[in-house]
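One chain, chain A, appears in both complexes that follow, with chain B as partner in the first and chain C in the second.
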Partner chain A sequence: METSSGEPTSNGFVKPPDFRREESGRGGAAVESNGHGLGMGLTLRLVQELEGHSDRVWSVSWSPSGHTLASCSGDKSCRLWENLTTSPSSSTWRCQAVLEGGHTRTIRSCGWSPDGKLLATASFDATTAVWEVTGGEIENVATLEGHDNEVKSVAWNSSGTYLATCSRDKHVWIWDVQPGNEFECMSVLSGHTQDVKFVAWHPTKDILVSASYDNAIKVWAEDGDGDDWRCVQTLAEPGRGHCSTVWALAFDKDGDRLVSCSDDLTLMVWDTSADLADLSGSGQAQWKHSTTISGYHDRTVFSVHWSRVNGLIASGAADDCIRIFAENREDSSALPGESSFSMVAKKVKAHSTDVNCVQWHPTDPRILASAGDDGTIKIWEVIGDLSLVG
Partner chain B sequence: MSSNFSGALKLANLNDFIAPSQACVVTLSKNEKPVQKGLVQLQRKPAARFDQTLKDTDEPVRVTLHDCLACSGCITSAETVMLEQQSTTEFLNRLKSGDSAVIVSLSPQSRASLASHYNLTALQAFKKLTTYFKSLGVKAVFDTSCSRDLSLIEACEEFVSLYRESHGLQKDTSSKKPRSLPVLASACPGWVCYAEKTHGSKILPFISTVKSPQQVMGAIIKRHAWKMLGIRPDNIYHVTVMPCYDKKLEASRDDFLFAVDGAQSESQLQIAEVDAVLTSGEVLDMLESQQVEFMSLEEAPLDKLLTNLDEGDHLYGVLGGSGGYVDTIFRYAARTLFGKEITGQLDYRTLRNTDFREVTLEHDGKVVLRFALAYGFRNIQTVVRKIKTGKFEYDFVEVMACPAGCLNGGGQIKPKKEQSAKELIQNLESVYLKEVDVKDPFNNPVVKGLYDEWLQHPRSARALDIMHTTYHNREMSLGSKLNDW
Partner chain C sequence: MPGLVRRDTEEDIFESSLNLEGAHYQQGFEEGFADGIGAGREEGREVGLKSGFQVGEEVGFYSGCADLWRAAVEIDSSAFSARAQRSIKQFQELLRAYPLSNPEDERVQDLLETIRVKFQALLSMLSIHLEYPGHPKARSADDASF
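Right, the complex of A and B next:
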């Protein structure tokens, strides 16, 4: 629940307090109505609870190898956690480092570069710090200034050549990563009319997506002549876009689909297979809304992540739950090109209060990390037959 | 929120823009009443610059534009709308009332904008505008290319002096604190306001102290040329026509007020160098609302007193749609410091994008001069960041807030229906210099005369007093901080 920037904590939706989904929810209905038989086939087992932060943990990020988990917190620090063994499902995670002194306010987001050598931390102090992690040494090698106020999210592109940040100042900045840990401002993108909450890069192309308090998702790409970046599409169609704050975004493994989560209690899946750069011909290629996953969340969904290994979608919400969704296969009732998803696992009270972030392990299909307002990070193992759902 | 101010100014002021439903929390003097409705009024001050009183409904907070600038450059959206509407009204009212002699100074970028719109050459447009303005009662129409030459001369001398100082080649006796390179151009008010607000003492010491062509023209007219015009400075209403709205903010700076003895009493009057600024678009609006047949206007002879017009009736000026600072200073420095004469176009190298270009001079196998053009907010970021981290390699940078420079200013006339923005800029760049001769500012006879008769020589005590300015850290007011909460 984000209160530091003075935003309303109520999303205006009125729900009966004891509204339960576990027994009577769509998971059960799906088994009955469309006969997919997915049901709630998986469960989450707590591997370990990582304590250490002295304030809410906002975000976690797995290093590309999966050996290190970075977490960032309202306590203005970032912690690095590593497992004493090579197995992430072993309860031997330990805090190996505390990155302090880099920021004067909450660290809201963190992200590893694709080569695992750099960690970026985005803070409410309006700066983004870059840390070089080499062997046992961690050094603050750059501080990116420029945003007017709180930086909300940071993301590296797939080749590690660009770094994107976004802020409450409504702008998205793209930085060019140069040799010698030099970062140059490549573009300052305006378009969102409110606080920008999240940025994410396509897994293979240099296309950036951003999510905002203005309910829209914007897609940014380089101009044809390569001189600047611009918004090539806005995903906010009335009736087919979110009707409240979009909190997070995640592409699937190939970047053909994007999932978004929102204060409007839904997840939306978008067909992002169209080549936006293909401007030849009269019809400009567009990304489209594919499906809405609704009826599962009771409160704001703060985080969503699409595993690049097992194909499952995980969500973290203000109702303290973690949910896992799988795509329904061979759905005869679905329109061609559309897909549908069902919930296949739900962890009630995953944290004692809001779940701020969920992140799948980059290589192990069963491992999921979560961060919560309760100041803890939890490592989970998915139990069940993944071949039925993934 | 007005979309007309430059990107740098808007970005810096985002949190300070107060939506029409809110109110500025800056309260002045005695008016302690809490604001009832979110009305912001401009208060009438003696200098009567940039103000207009709205209907007095609930006695809301009264703020003037230059108070806003002093506070933290906060510009309410209500005020931007008024700035846009009010300048033209005020201009026409002044002409009607006949109290003051109205003098118009036309920038070459606005001249090109109007010329392009009507498919004329710069000279034709200039002559027709002269006819138009004079038909309204304007006393004289001048050309800021002329004052720009003076500004460029001061900038050339400033650079060479600083270069020599920083390379241990000369002692600077004219200022107390030695400044170091790089020098960042000062002609763009969007850039200056952003630097004052966001970077303060980390960047301000590097900004050139030379006034912009607009302010130099104001200084010339109101502190010297008035004698030749036979009009007292306090009776002159000086209006400039500029390619952007940021120039309105520049004109309202307190630094650009000077004191003269009052007519009646022994009190001192504060006189503004520039009383009002009209954008190219506002001039077009005036022409259209008055249904002027611009094409059929006569081509009046130009007022040569402060205009770049040679004996052959040719306009002249420097290369570069944003004032030609790099172009002029580079050549001057090459000649003065290294004895190298550079003719023809400079060999610019495009860096990360077309708005970031550099030009270098080699001497004895080493690079001795490194100049750059940095236009647009993202490139300004790069410049500022490199200076702050001590990794800046340039000696001089022409910094402009607008991508593509002043020809693409926010106040320029918009592209026509079938015309793309890019096509318009290309057209403007060609119209800007078509049938305009390129001449060295040091050879400008008008400017030479101004030095001979008045300023003595570049960087003289008088030149430093009148043609140079200072910058100020602008702290965010408590009000603005609260507004950002």
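Right, the complex of A and C next:
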């Protein structure tokens, strides 16, 4: 595999960085390096380190406006952070609120509703709490019970009408969001044979994807107009799939592609443009594996996020690094319909230990938030010419 | 043995002494086999009774719950949401379809799992904190989970 210096090859050997190349590459024209002409043209600047949690921070979620960042932790609380200015790259982030008393154990995941009024927090105490955030008031308006044990992830669909949760009990629950902050269990989905780590909704359709310790990614859709949800596709071996735990998933802006990250040290990009509900064509439409991004991560990749603004993919891993990948344009060596990606930035020791979560800002193309086992949240600004990579 | 010609019809008066080990092995095997069949059948009956009872008890528990909920709806049709009422009906159908009399139906494990999952969903919809006492729960205080 052709690789540029500074990046590990597939057998783990790291070539020493080429300093001559880096000097000319910073902020300037793309440099010939790995054959795709992108090079490591971007860097990450630390805007601010947010301290306050007393245990590892598991996850962060930007409100739809990008004005508030929610973080959740092993200290059983969720914190809301806001910037004193309107610029997220200004080092004036402050903790505005601490959501306590809602859970009796670690809060593993949090997510804002699409209208920014509700925040859901998923906990190891087997419940999911919903908080209403209006002005300065924050109120716990609902507690969703049902899972047998630790809830690992929570996600709202694009219209805010459904909420999905998943758990170590191997099930995915879909909740119907009703007026008056009522949540009714709509469906309990079984299929995974192990702990389900992550759920994510398609950005425009009511299609849910889940990732599990059983190495599979499952795709769920509603059958007819009843409450019947079923698994419409499984992305796993023996076809193309991860060979170890899949930790997180993220769709691109239009939902035509999905990226997954895994304990098997790779990211996989999937072509999700096929309409799974369309059974009229010859042969059933299926989502397909597009490309595998390998040779870059040394340890488990815990988090991946695809920016809806700049088109870049960010990853957070157990080797304490944050990496950014961009799609190669006009790659003559790629097969038609296939795309390839290369790493365009790497922040070594982004946290002092495992990076648990990375999340791109919803509107500002240069801002990225990360959460770590070191109990901190960090706000990063991407420095460099985005037009060359986005 | 080379050189020794044996004819099938001839009774070898030395056979029993020469074949002592084999004869005893055979006898021991037959006794053990008979004991095994007996003990195995006994244990099988016990295990069958026990697991049959457990399955019956669990399905019975769910059926009792479903009957009660159905009755509640008949008394007050607004007691539960439309979705919950639909689910109760589906739940009852699942229970009716469960092959209680045919334990060798290969679907029994999957069907029971589907019923359990539906029960969980119903508990949530009806906001009931109930637990089937016989069903092993996977809840553990293991905070080392990721």
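Everything below uses one rule, namely that the second predicted complex is superposed on the first by the 349 of 390 C-alpha atoms of A that agree within 3 Å, B and C clash if a C-alpha of one lies under 4 Å from a C-alpha of the other, contacts with A are read in each partner's own complex, and residues count from 1 in each chain.
Convention: a contact is a pair of C-beta atoms (placed from the backbone, for glycine too) under 8 Å apart; a residue touches a chain by one contact, two chains touch by 3 or more.
Keep in mind the model is a prediction, meaning the values are calculated, not measured.
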Side-by-side fit of chain B and chain C on chain A, or clash: clash
First, second, both or neither for A:Glu237, with chain B first and chain C second: neither
Partner chain(s) touched by A:Glu139 [first = chain B, second = chain C, both, neither]: neither
Partner chain in contact with A:Asp176 - chain B first, chain C second, else both or neither: both
Which superposed partner A:Phe124 touches (first chain B, second chain C, both, neither): second
First, second, both or neither for A:Asp115, with chain B first and chain C second: neither
Chain B versus chain C as contact partner of A:Glu150, first or second or both or neither: second
Which superposed partner A:Asp227 touches (first chain B, second chain C, both, neither): both
First, second, both or neither for A:Asp254, with chain B first and chain C second: neither
Contacts on chain A seen with chain B and repeated with chain C across the two complexes: 145-146, 148-149, 169, 171, 176, 184-188, 190, 227
Touching residues (chain side chain C, partner chain A) in the complex: 81, 83-84, 86-87, 113-114, 117-118, 120-121, 123-125, 129, 137-140, 143, 145
Chain A-touching residues of chain B, taken from the complex the two chains share: 7, 11-12, 14-15, 352-354, 377-379, 381-382, 385, 388, 391, 403, 484-485
Contact footprint of chain C on chain A as seen in their complex: 105-106, 124, 126, 144-146, 148-150, 168-169, 171, 173, 176, 184-188, 190, 227
Residue ranges of chain A in contact with chain B within the complex: 6, 145-146, 148-149, 169-171, 176, 182-188, 190, 227-228
